[in-house]
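Everything below concerns the one structure shown next.
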Amino acid sequence: MTVTTTEPAPVAPIPTSGSTRLVDRVFRMRELAIVLVLLVMIVVTQLGNSAFLSEQGIKDLLLNATILVLVATGQSLVVITRNVDLSVGSTLGISAFAAGTYLQGGGHPVVAVVLAVLLGVGFGLLNGLLVSLGQVPALVVTLGTLYIIRGVDSIWVGSRQITAADLPGGFVDFGSGGISAVPWLAMLALVLLVSTAYYLKHFGSGRELYALGSDPEAARLAGIPVRRRILLAYTFCGALAGLAGALYLARFGNVDSGTGTGYELTVVSAVVVGGVVFTGGSGTVYGAALGALLLTSVNSVLPALGVSSVWVLAINGFLLILAIAADRIVALRVASALKKRNARHG
Amino acid sequence: MADSALARAVRWDTVVGALLIVVLLLSFGFVDGFGNALNLSFLIGNTLPIALIALPMTLLVVSGEIDLSVASTAGLSGAVMGALWNQGLPIEAIIPICLLLGVVCGLVNGLLVTRLGLPSLAVTIGTLAAYRGIAQIVLGSDAVTDFPSPYLDFAAGRIGDTFVPYALLPFLALLAVAVLALHATPFGRSLFATGANEEAARFAGVRVKRQKLILFTVTGLMASLTGVFWALHYASARFDNATGLELSVVAAVLLGGIDFDGGRGTLGGAIAGVFLLGALQNVMSLGDVSAQSQIVVTGVLLVVSVLGPRVGRRISVARAGRRAASAPASTP
Amino acid sequence: VTACGGTTKSDVKKESGPAASAGEADPDAPTKKGLTVGFLPKQVNNPYFTTADKGGQKAVEALGSTFKEVGPTSATDTSGQVSYVNTLTQQQVDAIAVSAQDPGALCTALKQAMKNGVKVVTYDSDTTADCRQVFVSQAGAEDLGRTQVQLLAEQIGYRGEIAILSAAQTATNQNLWIDYMKDELKDPKYKDVKLVKVAYGNDDAQQSFQQTQGLLQEHPKLAGIVSPTTVGIKAAAQYLSGSKYRGKVKLSGLGTPNDLRSYVKNGTVEAFELWDPAKLGELAGHASVALASGQITGAEGQTFEAGDLGTYTIGKDGVVSLGKPTVFDKDNIDDFDF
Amino acid sequence: MTHRSAKDPAPVLALRDVSKSFGAVRALRDVSLDLFPGEVHALAGENGAGKSTLIKTFAGVHRPDAGQLLLDGEPATFHGPADARDAGIAVIYQEPTLFPDLSIAENIFMGRQPRRSCRRIDHRATRTATAALMHRLGVALDPDRPARGLSIADQQIVEIAKALSFDARVLIMDEPTAALTGSEVARLFGVVRALREQGAAVLFISHRLEEIFRVCERVTTLRDGALIASEPLAGMTEEDLVRRMVGRDLDELYPKQEVEAGAVALSVRRLTREGVFTDVSFDVRRGEIVGMAGLVGAGRTEVARAVFGVDRWDAGEVEVAGRALVNGAPSTAMAAGLALVPEDRRAQGLVMGMSIERNIGLTGLRATRRAGLMDRGAERSRSLDWALRLQVKYARIADAVSTLSGGNQQKVVLAKWLATGPAVLIVDEPTRGIDVGTKAEVHRLLSALAADGVAVLMISSDLPEILGMADRVLVMHEGRLTAEIPRSDATEETVMAAATGRAAA
């Protein structure tokens, strides 16, 4: 018995990459939406307060975003693999203090930064090992390490604190200096951001992060070294959190046992606003960085507009909801448009 | 079968329950000041807010969602309670208004999640800030403390000289309702299905959206109830009441073996987790363990709580495998 | 019961006055030894409180008693502080010295403690008066509020816009000081000084930092900032020091010499003030032991010895005041280390 | 085992006395198998016989408990799928394993993308290569389309393209055709034959026996994890093969009972979902089995989903026994007596981590309720009853369905829906992945249900099944109903003509 002897149905020509561009454009559009919101916000603020976009104003805006951008970049890598690292705030705090203690003892700034990054790498590795080897939910493990690192930090630091006075002048100047309105820290963050994005798009292991976030079981069957990749993502995230700690020290010149407490929620917000999906597999670091920029800018815009700080928190929350809702509505619209388009093409 | 008996023995919620009993017994025996009625009533009273929110949170997490705005909802209803009290409204009218407010807060979360299809984590991080912000606008820097003493006594007092705070009784009733709802009703069963595979649940006729909307609303209600309780228990309504409570709830629920991917867990485990953390903190404080070390202990417990059962399961599977391999061939 | 059948605010009459007067005070009673005094700061790991509690420890141990310190790691964890009061009550300490995160929240627990025979002293930040026996105040709120304005006004030459960068919106002592600052500004000599804004940095370095930025962007003509909180003044100093405003915008308020030493030296800050937290703790320690020994009960007019600090008299509502704050500037700052 | 003549090349890949257990289940017992270059080898067996387990052993997913794997005659150990891949083995698993967020092109070349300098990925080359593969398979799938939202059939095609892209020495396919219609199958077989000419070894699993006879030279039969025979197909009949698999002779394959059609039970009027299907109208009467045929992507599944209410429709109406259904509400559809056995059992049919008992119980939550609470006893007996009636092979009813073989999972889905006692039953690919024996059982069941007055709408890509079972055949083409053919006129030619749009409605 044969199922069919008819010739295979005539096949439509393979569509050209036209719809790729569309898909790409859609993703870019989501990021564009954030850029737009950001621009509107800044323009309105500038109209209300002409000092906002002064050299100092721009510099402040960029400086405020830098640290969050860095941590959000690392976090998105982890989130893309369908995991999460809640311990970034604690890691940031402890590495900032470690770098500070070292500098206080007369250390070299570069070594101090390296030290902070290494400490971050260490905690990243710890998280990564626990999550990938134990194959346990990242949320629980990193909530656990959040507490552990914070606790160890408090025990170690006690009531000590590092202030700008304890730090070499060059280090502190680096934290607030730059070329006209562009701070050194922002440049550093931008370089890291661009290279991370390039890596994710153009390197095999970068794509594998997306694959394994998209479907871990399929990733295993496709021969992707799942554990190694998860470890990589966590290590990178930890490294950036460590680096962010060092930069925090340079920027604020003020570190104690509470530094970075509650930072994880801000980071997660930035990542989510930036369109990195919590179920893994999609989103870009640019999006996360824009999310970070948006969040920190809100915090600068409101005071600059003279909005009482009583209102800031509520407005922050509403903006956050608005951002994700708008993003979602745009995505839905585009998806249905795409679907109809596809249907028409057969 | 032997392997499943073993697997059941390492089920984490039973382990947490056992651990709770062990901790209680040891503390009765060896920790000065633990076993007396006053301390126990303190322990229970201070743990109740977490336990109250853990009830709906467990259901929510089982169905695959999460609500991080609970502490802010509690804060908001406390703030509104204080503001209305300052306006001169009778407390008997204020409390229902606050509860209604909680329903609205939960409804907003639920509508955003079900109508717009937004991830609940993101939505409730947003409302976490928004609700707290509104609370701040409503009450500003005020701290309202002069609530009528019968209410304060109910929220903070205990029955005679026993260890039972008055507030424990309504909690036990709510616990019973929640346990029944989750483990003995069709509604609860469909929650598990939704959490494990939402699409399959939808195909089986489960009204997933309605179900989630109900859950978010109930969570809002319970959060505001907690807010009211909090304000009375501590005799203080401020906009920042219960700040950070969401993390404690999440930690306790996670410790109780509730899987945040949805579809797994028991209320017994969650509540055991809540009281285990509460009891440990109490014991450690009595033993002069510093707050910093307590944080470390909480963290280690969390990590162990997820690593423990996995390791246990792996061992039991390996054992069962060895036994099967050595057994004579037989068709099941 | 009101007409509409509910319980309203007007039905609840305000109780007040310190919880003193249970039993008679015997000023000549011997100082008991072997007592246990528990210090409960707003937050452990906070340098200010660590310094204060060290002072307390010095006093308590010098009197032959045992000192212990417990407390939450977060300054907004009120329920944590309540459980510590409960714990100390359980442990049957003789006296608790507490800096209250919230004037009302601790009341139930503190009353429990007093009912169980524990003496309660508040220091730095008070509760409502009926929940403790003695409040050891860092300085009169009025003094602090007024002197901070005087200090800044002098620096800006009694002319220009000023702003306040406070801690949390709910911080009791800060709010009280701010009220006195506003009152002081009503004096005609400040007719050219204009308070344009009160901002809140929530005692968080980063938030205080951004609030400072906001203040300067919103009010480019700002001449000075008062920050009555150690965290706020430090963050503001760090921002000013790294910006073009250094030296142009004056900064004053409450800070510790160690925090601000470098900013005083680089010209960001001219002068600021503070009481000595170690002495505050010391006084709280003495008050606790005196209470537990029965030398005082917290009633107005009673006096007690406080070692090197001298003799103190309890004022209205059970308040004991440490004295006037010290002003620090580049001439004297190197004489202090806290 | 029969021996080949000396001139035959050595096997590229072989298993020697391999055993594998899952807990107490012995999935494979001392199985040996040789794969020779230039030969298409069939693997046959009932559901749960151990076919997929054997394949996963080849693929490095499972490590055998005992026995050896030989690569080019040398003992080899695969520590993971990557090892098998590097050894030149391409595998298509029974359940599609795609990355929903990634494009089709990325899915196909994940881990092996064409590179530019510095190990960077050459995205353009990846896309071109994918387009070429699609052309070879004769399908028009856009390489840049994300895998999310692909139909099961398209997913299966992407899996095939992925396996082909390896240029592997050994190609292993676990039921690749289960979701495909005739034309795609024909294309696939064309490609398989070409590979065989190039000297590749192919292992092929299918429950459609005629496919085995069409492309394979040898067949290995498994029963209950044990090897029954490994022999050339030449000279064998389907009956021989079935006897080896089942251990007995089989009854008639399409046991269609003649039933007098009754009143209209399901009535669909001008149903439209924009961009998916348009103006679909049909009736199903009590006692009738209506088949619905069409090419992959014709929109049959979409119609079924809309009728049942999991998707909303934009226009039209649906009536069950004269009562109009609410748009987009499966629960009211169920209350009206409608049941839908979905096509994708893993995503839509089952909660994999839940027990068999509870999966079957999920559709009866209302029915087995007592005073608002669950009646566990009633739930269990209902589940046990239906698991037995459908001959689900399981160790314990409280085991998770994820431990069942593919076919047995499908039976659980059927059980879950039949247990609701529906008045109208829509089955979408009801026998996908079900073995011949059980297939006959399912068909007999459908027949019996129809005889009891149930209205059955059977969507299937298995044309013989449609022709064998249906009283009437509805044919869809590109989202429209193009033909309604009575049983007497339904032949492969008439159905295919309507399905490819060559015959006007």
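Quick notes
Going in written order, the chains are labelled A, B, C and D, and every chain counts its residues from 1.
Here is the rule we go by: a residue touches a chain if its C-beta (ideal position, glycine included) is under 8 Å from a C-beta of that chain, and two chains touch if they have at least 3 such contacts.
Quick caveat, the model's predicted, so the values are computed rather than measured.
Number of steps on the shortest path from chain C to chain D, with steps defined by chain touch: 2.
Of all the chains, the one whose CA centre sits at the greatest distance from that of chain D is C. Averaging Cα coordinates per chain places chain A and chain C 39 Å apart. Separation between the centroids of chain A and chain B, computed from CA atoms only, is 29 Å. Annotation: 43 Å between the Cα-based centres of chain B and chain D.
In chain A, 154, 257, 310 are the positions where the chain touches two or more neighbouring chains simultaneously. Chain contacts: chain C has residues 44-45, 73-74, 169 touching two or more partner chains. Counting partner chains per residue, chain D has no residue touching two or more of them.
Taken together, the chains touch in the following pairs: A-B, A-C, A-D, B-C, B-D. Interface residues of chain D, counted against chain B in their complex, comprise 19, 21, 23-26, 29, 65-66, 224, 308, 310, 329-331, 333-334, 340, 342, 347-354, 358, 361-363, 365-366, 369, 372-374, 395-396, 416.
By the touch rule above, chain C contacts chain B in their complex via residues 2, 4-12, 14, 44-45, 68, 70-74, 76-80, 82-84, 86-87, 89-92, 102-105, 107-108, 112, 128, 168-172, 175.
Of all the residues in chain B, the ones that touch chain D in their complex are 1, 3-4, 180, 184-186, 188-190, 192-193, 196-197, 199-207, 263-264, 317, 320-321, 324-325, 327, 329-332.
Of all residues in chain C, those touching chain A in their complex are 44-47, 49-50, 73-74, 169, 197, 199-200, 205-206, 209-211, 213-218, 220, 234-235, 238, 241-244, 258-259, 261-263.
Listing the residues of chain A that touch chain D in their complex gives 1-9, 11-15, 17, 19-20, 23, 202-204, 207-208, 210-211, 213-215, 217-225, 280-282, 339-340, 342-344, 346.
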